[in-house]
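Okay, so chain A shows up in both of these, paired with chain B first and chain C after.
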Partner chain A sequence: MANEKGWGPNSVDKRKTLAFGVVGGLAGIYLTPINPIIGPVLAALGAVCAIVWGADAISRVSSYGLGTGVPSIGYMSLAFSLVGALSGVSIAVYLGPHYTWLGPILGFVIAMLVGAIVAGLCLTVLRMKIPILMRCTIELAGAAALSVLGFSAAIAGSYALPNLLHSVIIPGYIALFFILNTMAIQHPFNACLGPNENRTRTLKLAFTTAFMVTGIVGLIAYPFTPAWWVIALVGGIGWYISVSAFIAASKEEAAEVKWTGWWPHDEEEFVQSVKEIKE
Partner chain B sequence: MADPIIAGLGVVALMGAAATIAGAAEDLESDTGSMSNPNSQVQLAPQMGNLHRIFNKAVSGEPVQMGSWAGIAGSIAFVLLSLNLPAVMAIAGGAAVAALVHAAFATSSHLGRIVSVSKFKQPLFLDVVTEHLGPIAGHGFIVTFTIVGVSYLMTLPIQGLAHPFPLPMLAVLWGITIGAIGSSTGDIHYGGEREYQQYPFGGGIPVRIHGDITRRAELGARNSLDAVNFCAKYGGPVTGFCFGSIVFFSFWSTVVGGIFGSISGAILPGNSDTNTALAVGTGILLIIIILIIIINNRMEVFARNKYGPYLK
Partner chain C sequence: MVVDPLYIIGAVAIGGVLIGGGVHFIPVGGAPAAIATATGVGTGTPMLAAGGGMTGLITAAAATTSPLWLVLLAGGAGSALMLGITMLVGNWVYIWGVGCVPSSAKVKYDPITKYEQSKFVTPGTEGHGIPTVCFVSGIIGGLLSGFGGALAYYFLYYGLIGTSGYAIPAGAYVSLGAATLAGTFSLGLFFVNSVIASFNIGGTIEGFHDPKFARLPRGALACIIASAVVGGLGVLLVQGGSF
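Moving on, here comes the complex of A and B:
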């Protein structure tokens, strides 16, 4: 429900975030090989699109009162989409050198299939009564897979399995992506949930977390790609713009912004009691 | 050259000490932001009409949070180590970057949660943010520095250690572990005792008092730094002791198992040193676990007998 100012949990069209994530994520990953500097930056930006989509999906499913389950469903989706994404790029290797390009899309599809199976188990075996659980878990799985593949391609400079093995899996960065992408996807809604949640503000925070991860990815990509400083710079600039927008939105939507003082009704009580003492 | 077993025991002692500091700092860091269990009550308070000046750091559960920060610190340290920087400087550099990210996440979660209860007239106090960010980032720095330190020591080529995993992966795994220990051991001292101080301790938290948290301090309004001051006396050290003993005993047993490994290799030619070392180490660990269970049971029975049965 949006209020008269257009603030509310439905202030963003879910079809727009879906299109933004899928198209942006896949385009970024597939454009990685075009240039050794611009390619990795585009891959990282693709992962940013995927994270924003994932943050919107998790907000929709968690609005059904998941509460402390927000980080948990983020954790779960990253776990099975990592399996899906890596199986996809591995299957592309088995298909032969001409089919490397199939890797990311296969990873994306397999992750969503595993997501559908997990959601099916939650609905039938665990009997969770969340009507949009199936759709949102599939969306989350797809978003998480694209975010991992995007950041991995940004570091490796390619989405082929041998490059990913050398630059992402053997150095152990894959474990960092598992936990850090969980954080980037679940944090926006987890931080903004409440009766006055406004999805526009939540997604501003999603851009903030996504660009912050991009900055970190730029720094840790130093040994593997010459584009590391461009990725870090893009992450830093994107973070500054989005965090400024988020802070401005928070100040606008807050009941009251004060540098210091008491909470409202006590202030009146306090002034009253001081008056009484003086009298 | 020192005896490898002695060198290994020395490193294990250092790891235990680092883990103890990490545990204490982790618990105090989570108390600064009223994370985990106490957090839901801080979130609920304005909805029950109890406005407050407490920091609401809803980043996520502690395991995910500490896994992320330790992972960032470990990865940056991995890059700096590849530049041949001294280990201490590399780890400190990683922990510094993680502290900055930590502060940014803490700020956004407080702003987000407070603004999302604006319906109940909860003001956004900016001094609450600036006052708490220092202790949050500082404690976080200590945790990530010591956790990445423990992970780095694990990868050193020493008998009983020399872990094959890369530094970023070990840092993430240990980060998740410290978060879980901090959440399960330390939180009761803030959540149960300090947050509901106006109610008698030991009565649990019945639903009717949910959200009615202690909002006033000895002087003025209570903030989260008061909670840290309280928890630093017992909750933090006890968490540190718990995590330190976990790290110390698990590595101590594998290093000591190494002694038996070399003996069995000498007696039975062809017998694998590593397998014997692991088997003996696991055996020692099992004995330690059984001893700890017995000690815990004795302690609880003693406490019940000493302080009498619970009143109805």
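Moving on, here comes the complex of A and C:
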């Protein structure tokens, strides 16, 4: 059960998810240029790590009850992180061709800075009383930036702005990532919240949504990278494994799972079916 | 046309305030309205921002090559129309589907139609559906936020096409890259400001007649600072366009 602080006996160590997201996300993005097939797959896997981190961060902050629903803070963080990530990549171009490698890390840092400013505004100007809002918004912003950059690098095969412009921005995929990544980050906790939320189970669902997005990214990457089918395949396999694990965990923690049959056609049948279920 | 970076920051900050302020006018009912126990559209601000914002930006982007006032009007009309349709169809569902009378528990008489409200509010609920005053308020909110989004879109677009990376290709009227980036940026601005406004009003509001509307100045202050920061990122995007 998640307690008021969002890290009850059934929650996972927040340092572990943080390390998983930051190291996995950055490593995946920076390993993109190593190989035209393996690189994009690693970038997509990096984005999966970032999404799982973001899902944990949003679970912690939303355990408090924001009053506006779980998706709101996810959409907000994705919005400024996406802009922040792209402006980081843009500054790297502005600095010169030798500094292209700075792009993703700059985007990551800028997104977290904006996250800190917005969270600070919410705490001071709007007087919200959520002590972990600052930390979690910063984490969410970082995770969102890495997930956007990871999937963009997977499609473009590089994290340099000219490549991203050609294969992510002009086709309009950037707007798609906005919604897809928000869904992947906010859905797990939105679906699993409640008094007996188990964070391990929530994160299994986070892997499921993240791999689902990976599969879609693989399919839409078809015109731009020869690795599209590998990304889609990895996404599909990852989705199958994680969704099986999630369903198994849900069944294990449910009191009972019972098939209730189709809805009855008339009242007699309904009474009969209720009797059967009670027996 | 070369756009000064300060214009971009200013336009985004003003656009952000218009969006954030506009959200205070929109009848957001949240989860209670989804089961018809509160007045307003039965969803949260992010969804309304997505609907109104995207439609407004599509109409604004369709007018890209037009002068500023036409782009602003197009954006405002798109957002207001989308919110109007959402509220109207929502009301059909509330009236003929759920079977309740649109009414508000926040005021005794509707400030516009002067109809009595309390008689029609089911005991234990905060009202139902979208009464006239909420509808009018929502249209004003849609117009304001549409103007805001279109303003940010217009200035960022013209900033971007001044750079070599996003310049208008020979033989084309618009730069697709600049339009997509400016559109996504403005959509992001919609989400940031609508969620900040939503935090300010605690998730639900009925419109300008709601007592929570008095919180508007604080929300506007938070929105203008946050939007100025996001506007700074917009300048960075423009600076990076020269490659």
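Following the convention adopted for this analysis, the second predicted complex is superposed on the first by the 248 of 279 C-alpha atoms of A that agree within 3 Å, B and C clash if a C-alpha of one lies under 4 Å from a C-alpha of the other, contacts with A are read in each partner's own complex, and residues count from 1 in each chain.
Just so we're on the same page, a contact is a pair of C-beta atoms (placed from the backbone, for glycine too) under 8 Å apart; a residue touches a chain by one contact, two chains touch by 3 or more.
Since the model is a prediction, treat every value here as computed from it, not as a measurement.
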Chain B and chain C placed together on chain A: clash or fit? clash
- When the two structures are overlaid on chain A, which partner does A:S90 contact: first (chain B), second (chain C), both, or neither? second
### Message
Going by the contact rule set out at the top, does A:V271 touch chain B (first), chain C (second), both, or neither?
### Response
neither
Open item on the list: So in the superposed three-chain picture, is A:I170 touching just chain B, just chain C, both, or none of them (first/second/both/neither)?
Closed with: both
**OP:** Could you say whether A:F178 touches chain B, chain C, both of them, or neither, answering first, second, both or neither?
**Re:** both
The chain contacting more residues of chain A, comparing chain B with chain C, is B
- Task: Please indicate which partner A:L121 is in contact with in the superposed arrangement: first for chain B, second for chain C, both, or neither.
- Result: second
Q.
Just checking: does A:G69 make contact with chain B only, chain C only, both, or neither of them? Give me first, second, both or neither.
A. second
| query | Looking at the overlay, what does A:A248 touch: chain B (first), chain C (second), both, or neither? | reply | neither
Touching A:A19 in the superposition: chain B (first), chain C (second), both, neither?
neither
**Message:** Going by the contact rule set out at the top, does A:A79 touch chain B (first), chain C (second), both, or neither?
**Reply:** second
Overlap of chain B and chain C contacts on chain A, residues 67-68, 71-72, 75, 170, 172, 174-175, 178-179
Chain B residues touching chain A in their complex are 40, 43, 47, 51-53, 58-61, 64-65, 67-68, 71-72, 74-76, 78-79, 82, 97, 101, 104-105, 108-109, 111-127, 165-170, 172-173, 175-176, 221
Within their complex, chain C touches chain A through residues 30-31, 44-47, 49-50, 165-166, 176-177, 180-181, 183-185, 187-192, 195-196, 198-200, 202-203, 218-219, 221-222, 225-226, 229-230, 233-234, 236-237, 239-243
Listed in rising order, the residues of chain A that touch chain B in the complex are 67-68, 70-72, 74-75, 170-176, 178-180, 182-183, 186-188, 190-197, 201-202, 205, 208-209, 212, 216, 219-220, 222-223, 239, 243, 246-247, 250-251, 253-266
Within their complex, chain A touches chain C through residues 66-69, 71-73, 75-76, 78-80, 82-84, 86-94, 110, 114, 117-118, 121-122, 125-126, 128, 161-162, 165, 169-170, 172, 174-175, 178-179
